[in-house]
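For clarity, chains are labelled A, B, C, D and E in written order, and residue numbers in each chain start from 1.
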Amino acid sequence: MAVREFAERGADLELRGIQKRFPGFTAIEELDLTIPAGSFFALLGPSGCGKTTTLRLVAGLEEPTQGRILIGGADVTDTKAHERPVNTVFQSYALFPHMTILENVAFGLKRRRIGDPLAKAREALALVELDHLAQRKPQQLSGGQQQRVALARAIVNRPALLLLDEPLGALDLKLRRQMQLELKTIQEDVGLTFLHVTHDQEEAMTMADTVAVMNKGRIEQLGAPEALYELPETTFVANFLGQSNLFTGEVVASTDQAITVDAGGFRVTVPSARAQVHRGTITVGVRPEKVALHTEAPAETSDRNTLGSGRVIDVSFSGVSTQYLVDFGRAGTVLVFAQNIGHGPVASLGSEVWVSWAVAHGFGLSDVAGAGAAAGVRFDADDSTSAIAVQRRDDLVAELEEG
Amino acid sequence: MAVREFAERGADLELRGIQKRFPGFTAIEELDLTIPAGSFFALLGPSGCGKTTTLRLVAGLEEPTQGRILIGGADVTDTKAHERPVNTVFQSYALFPHMTILENVAFGLKRRRIGDPLAKAREALALVELDHLAQRKPQQLSGGQQQRVALARAIVNRPALLLLDEPLGALDLKLRRQMQLELKTIQEDVGLTFLHVTHDQEEAMTMADTVAVMNKGRIEQLGAPEALYELPETTFVANFLGQSNLFTGEVVASTDQAITVDAGGFRVTVPSARAQVHRGTITVGVRPEKVALHTEAPAETSDRNTLGSGRVIDVSFSGVSTQYLVDFGRAGTVLVFAQNIGHGPVASLGSEVWVSWAVAHGFGLSDVAGAGAAAGVRFDADDSTSAIAVQRRDDLVAELEEG
Amino acid sequence: GTGGAAKPVAAADKSATDKTVSWANWAAYIDEDDDGNYPTLQAFTAETGIEVNYEVAVDDNNTFYGKVKDQLALGQDIGYDTACLTDWMIARWIRFGYAQELDHANLPNLANLESQLQNPDFDPGRKFSVPWQGGFAGICWNTEAIPGGLESVEDLWSADLKGRVGVLSEMRDTMGLLMLQNGVDIAGTWGDDEFGTAIDQLREQVENGQVRNIKGNSYLEDLKSEDTLAAICWSGDITVLNAEAGDKWQFAIPSAGGTLWNDNFLVPIGSPRKTNAEKLINFYYEPEIAAEVAAWVNYITPVVGAKEAAAAIDPELAENQLIFPDEDTLSQAHVFRSLTGAEEQKYQADFQSILLGS
Amino acid sequence: MAFAAFATAEAQPQAPRRKSRIALFLLLPGIAYLVLFFLAPLVSLLLTSLQAPREFGDIGQYDYAFNWQNYVDVISAYWPHIVRSFGYALAATVLALLFSYPLAYFIGVKARRWPLLQSLMLVLVIAPFFISFLLRTLAWKQILSDESFIITSLKALSLLAPDAHFTGTPFAVIFGLTYNFIPFMTLPLYTTLERLDVRYLEAGSDLYASPATVFRTVTLPLSMPGIVAGTLLTFIPAAGDYVNASRDFLGGPDTQMMGNVIEANFLVLLNYPAAAALSIILMAAILVLVGVYVKRSGTEDLL
Amino acid sequence: MTDAPGRAPAPRRGRIGLGDWLLPAYAVIAFVFLLIPIGYTFVFSFNDSLKSNIAWRGFTFDKWLNVCNVEGGAVCEAFGNSIVIGVVSTVIATTLGTMIAIALVRYRFKARSAISLLLFLPMATPEVVLGAGLAAQFLAVGVPKDMTTIILAHTMFCISFVVVTVKARVASLDPALEEAGRDLYGSPAQIFWRITFPLLLPGIAAAALLSFALSFDDFIITNFNSGSVSTFPKYVYISASRGIPAEANVIASAVFLFAIALVVIAQVSRAARAKRLAKLG
């Protein structure tokens, strides 16, 4: 194999009909994917959806139950991990605790008998600004530093394909954002193919050329970050990739240009071209930042959807923007983000407001949002991520009051 | 002590002249703090600044070197931890691994011989939606679930004061936001005093009535979230609490109303009332979301600062908004957030742009930002949080190319 | 482990090339100077060029046998070329074929062997074994603690010695003294009843805490540390003990009589140095050498002519009743009759049950 | 140190691999060794325990048979020793636990701040291993002999009856067993306590538990694996020990344990079937006790 | 054990927890108690004793200077045998035990629980039973007892302890490390020797130390299987019945001091290295 050579440039990766079953559990149902050479590809999805498994299949640490894996056109499905021109930055770093930082970084070079491995390793460490700690052991480093060592250890090998398994997971928000920028710059400069796994949507969107949203072992939607964000096709994508206001109802009018849905008494129109389904009960939505808040009833125009009046039930200031949660009774609640251009919030808790948005900003989904989903913060509550039940709080409070 | 009773309501907390020295290290220099009963107080600060230490002092797990601690007016400085009407949700949960979830939650009630502890514990578990897992052991729970158990274990005791040490640290963004809302609702409903420690500024701002920003064992600034965000007084606060565009220069003009600074050839005016220092070399700034991007030179008006022209050196889409990094040569770079009201970015990479913002939105700091700080993403790089060095990258790339 | 299948065969003799010999013996059983040297052994080495590895390896006949029996059964070298054991145990070794037949041509001095000892029932003609020393079992006491002294076995049971009395793990000596105290002729015909009575008496003394310990030759250590102040003892040991740890012990044959016994050399079946062992045995049958040993150990020597040689060293020595007992002394001592296999098994088990307590 | 390992609850099962050929290669030599040198002897011991005396045979001569009567015989002859063995071992285990727990707690929890002191103290706990345990026992025997300074002083102070003594008493044997097995108790305790997260203790006191209650409800249960490992490592060898109780060491005729009985039957009485039967009984009894104990203390995964 | 330990010593005003002095005081007393017989042994290695070493007869260095001169060097020979036996059985037991430990943690196979039981049994079997059983077996098969049989016996009872010790280490070894090795082009053999083995080393070393200590101090099993070969504990046991020479005390004291010194040096140098590194950073 080519692993004795530094990769000239990134290689493209192709997964064909991959399936992975563990005893008693199918982690990946059916996966087809092509990642062009030199691109930065992000695999985004909730915990347990099969992201790590996909990476491990590519790295050769796991064998697919079905399907083929091609790197740079060559079928590597039956090639062993240590013979694939691939390197991984592991979710848990997996730095060798018994070696110094320098030895860690030089490990891969030595295995391939690349000349002067220590000097090269030292330069890779300099790249991540850790050359002064070259002689330390991993456990003497902070989480962020370990992360950077893991990165250096992979990059130094100049693999045709670099796999990153939540490499920024352990960092705090600030450092995380900073590292994202750096990682992206490195990728652009060295021209390698990056396959980046994350469950942080902001991370995926700021870094990647292409984002694939994965859910329960399948890829739900794939595309450029903006395209994905502006036009989500499924409830899952609409909610996982940013937040959405969703309305479910019957299609009551439909033209070539637009379809209109009755959502709890209000009429919501979306462009036909932006709707996946055009008849029956469908779910339509709009992003909270696209929604404008009015303290007086706005004039109705055909190119805007207007809802009102509703009552502000929560205002929360988050610095850059203020979030309003507006209750529209049967139609549910609507979340509005207003960037803080002026000072302070424009509407106060409890006040009567109207909301509106351009019809062009709406979208229609291919599936119908679950009945249980409340507006605003809306996502499937699963066993490990379900929310605190507000409804039962009052019982306890009452009970505790007595006790 | 009152710990045999459920607290009627939150108690207020007062720290007077607290100092805490560890052998060879002073974790808290001098701390005076009053938290009114029933309020939600957030202590915000970077890792290692002394947040946990402050909480431990309040909980009685650590003794202050100097100073007094008062809870509900009573001096508890010499009261032992188990006699204080305080409960903690620990940073690491500290769930008892040998007890079931239910036993964990009932532990405090049993110690105080409160009637029917198991039933009450079960209700607290229902509150956090974990009653179906009551018989599990902590290690059989996911991180988020453990977090909620820790919360239930503290809340069930209805302490006068609830201390939360990064209780949401282990959760992913989505769940974290959701838990924040819930936590806040609980606090409002049960009326307890919450002292919440976090290093996540967004969390502090969305949840708390009052935020104190802590740095190196001192409180740098304290106030309502909006006030703190709109008018940061120090470089640290300006950068730690959200992002800021900072400009350092000589004061070249000063009136009652406004002072003007020469920043690398551009003139930047801030209201005098919003500046901490009025003469000499000072640092002034503006929040990125307050800055407008223009593709043509805007008309100069006295109530807006205008910079231009500069070149867009980075565009990054993050869903809700797009971030532009604009280079102004000597004046540094300016970060602009533009909420994605329309589709897609309005300026493209490399294009020539102008920026402007209302004079009223600027602020002047009491200290001068470090010379090394680059515009845009600007904060002190310390050992564990320093960025990957972009400047050395090229060397490695060159070297790797040869190798 | 069943034991006693086919009899093992004697090892080939390598004495011609291997000039060493290893000897397992009891404590306080040979001449020894202050530096821990054995003068007669040094003389032997000087005379023959054979190095002797003398080991105090026997504390008790049974435990020694227990340690080496597996190797004997396999005909292996037990690490000793000769060992000195008591008559009854010698009888067992000979029965099982664990002893090599001696070459009397190498033992010219055997002519000096006391005539009564020449044809014991277990080894007529001394084909397998040669006597080393004989002695009495009697009582001894710490003269500082018990200035009045003791006379009979009964005296050991006095209340003020509670917990400070030792008895021997050698069944024939301990039980012999008790039976003699009961008026039994231990050399004659006695049976389960007589033995049973004595064993009950012993058990009572052990259970009520009168007896502190039941030991082999290591009873001397208890006397030294003064955990025991009186004990059933072997005659010569007390002389050695006094020499070693200050004159404060005295030995006596109890009024009702003591036991008389003999320890004998034999060559274990697996020893490849039989000739060397024979030379060693022969050496100790020189009357002068025998007298020198006797002067130290104060046991009855089986060597004719030793008395004369002893008189030459010290006339008093020749009168020592422990070494050269006269008729009168001998009449107080009795030989424990030999036991059948079944008796051995039964009486030994009874006795052992006391050692093990209950 | 290594006993420690005993106290480790097993880590999460890791992803098992394929390739059982490698597993076979790794397991075979060691397992074959144990089958050959542990299991086979155990089987022959079982067969020996059923042997019958050879007809008209000499002392120590037996033939294979199915003489289960041997078991009845040894139990009726030696039941006091069986009871005594377990009694002494139990007493020694309890004493060693009481002695070791505070010590292990001090080394493992209190001394965490001073790693050097911590490791020095650990060495001192292990140190007795390197001085032969027989010598240590004999040293006690001398130190506590009747005419020793300690015993005579105690008698002079009338703290001890004039005719009382130490060596040769049950007390001495239990004392010796306790002393000799203390490292086996302290080390596993240390390992669990060393890993004890003090944050649990803090959480306990935060939840209104007094120090004593924290100890009872948090510390003690969390150190259970160490307690179980320590008590097993002490109890098992103590029950089978015969050196401490030997008449040449700290014991006397009325302190003999099963180990001594087995030894005497093997080496002195040459009653191999009895010795083998006793061995099997001892082993079976220990296995049953261990099984019940481990089940009840909820630490099955320890095995 | 009464006071919840904090993270650092804090000045205590007005309330002195029991644990603050009671526990350290107890620890001191406990160590004194543990060390009494060792001190006694050490002191009596300087006794100008004759044959037995019971009463104090004056101070001398002779016994230290002439350890091997007594009884034709029997003590030293016994000691040497113990060392050889300890080393050889440790090497064998550690090798076999480590292999089993790795297999148990990393592979799944059917006979797992049977094997676990087989490994546990020797630890749950009293030494007399192990010793006697093996001795009987050797006799039945006609194997002569010598150094080899002792080593075979010691290896047998050490294996289980090694497995238990090493298993814990293997279990705590993150499989991701080996995967990282594979990802970084390491062949299976390279991964074993450069990653797995060095990471297991502390566990293996602990197991070896334990195994050596158990072997070196074993008497009961040795007594049944040693034939005429002497080991140090056996020497002590046998001489116990006739007085132990001071030379035995010399050997024991020397081993003790050597072991302590070794561990202390290792610890101190490790602490020094850690300090140096901390400064470096």
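The definition used in the following text is that a contact is a pair of C-beta atoms (placed from the backbone, for glycine too) under 8 Å apart; a residue touches a chain by one contact, two chains touch by 3 or more.
No experiment lies behind these values; they were computed from the predicted model shown.
Taken together, chain A and chain C share the touching chains E.
Here E is the chain whose Cα centre lies closest to the centre of all protein Cα atoms.
Chains compared, chain A against chain B: the Cα-based superposition rotates one onto the other by 180 degrees, nearest 5.
Per-chain CA centroids place chain B at a distance of 56 Å from chain D.
Here the CA centre of chain D is 16 Å from the CA centre of chain E. Centroid to centroid, with C-alpha atoms defining each point, chain B and chain C lie 92 Å apart. Between the Cα centres of chain C and chain D there is a gap of 38 Å. Residue positions of chain B touching 2 or more other chains: 61, 80-81. Each of the following residues of chain C touches two or more other chains: 1, 215, 218, 225. Residue numbers of chain D whose C-beta contacts span two or more other chains: 48, 142, 202, 204-205, 211, 214, 248, 266, 272. Of all residues in chain D, only 197, 199-200, 202-211, 213-214, 217-218, 221-222, 224 touch chain B in the complex they form.
On chain B, the positions that touch chain D within their shared complex are 3, 59-61, 80-83, 86-88, 90, 92, 94-99, 107-108, 111-112, 153, 157.
For chain C in complex with chain E, the touching residues are 1, 27, 32, 34, 36, 53, 55-57, 59, 68, 70-71, 73-74, 76-80, 215-218, 220-221, 224-225, 244-245. The part of chain E that touches chain C in the complex is made up of residues 50-52, 54-55, 70-72, 74, 135-136, 138-140, 142, 144-145, 227-229, 238-243. Taken together, the chain E residues at the contact with chain D in this complex read 1-9, 17, 19, 23-24, 26-27, 30-31, 34-38, 40-41, 44, 54, 96-97, 99-100, 102-103, 105-109, 115-130, 132-137, 140, 152-153, 155-156, 159, 161, 163-169, 171-172, 175, 203, 206-207, 209-210, 213, 216-217, 219-220, 224, 232-233, 236-237, 240-241, 244, 248-249, 252-253, 255-256, 258-260, 263-264, 267-268, 271.
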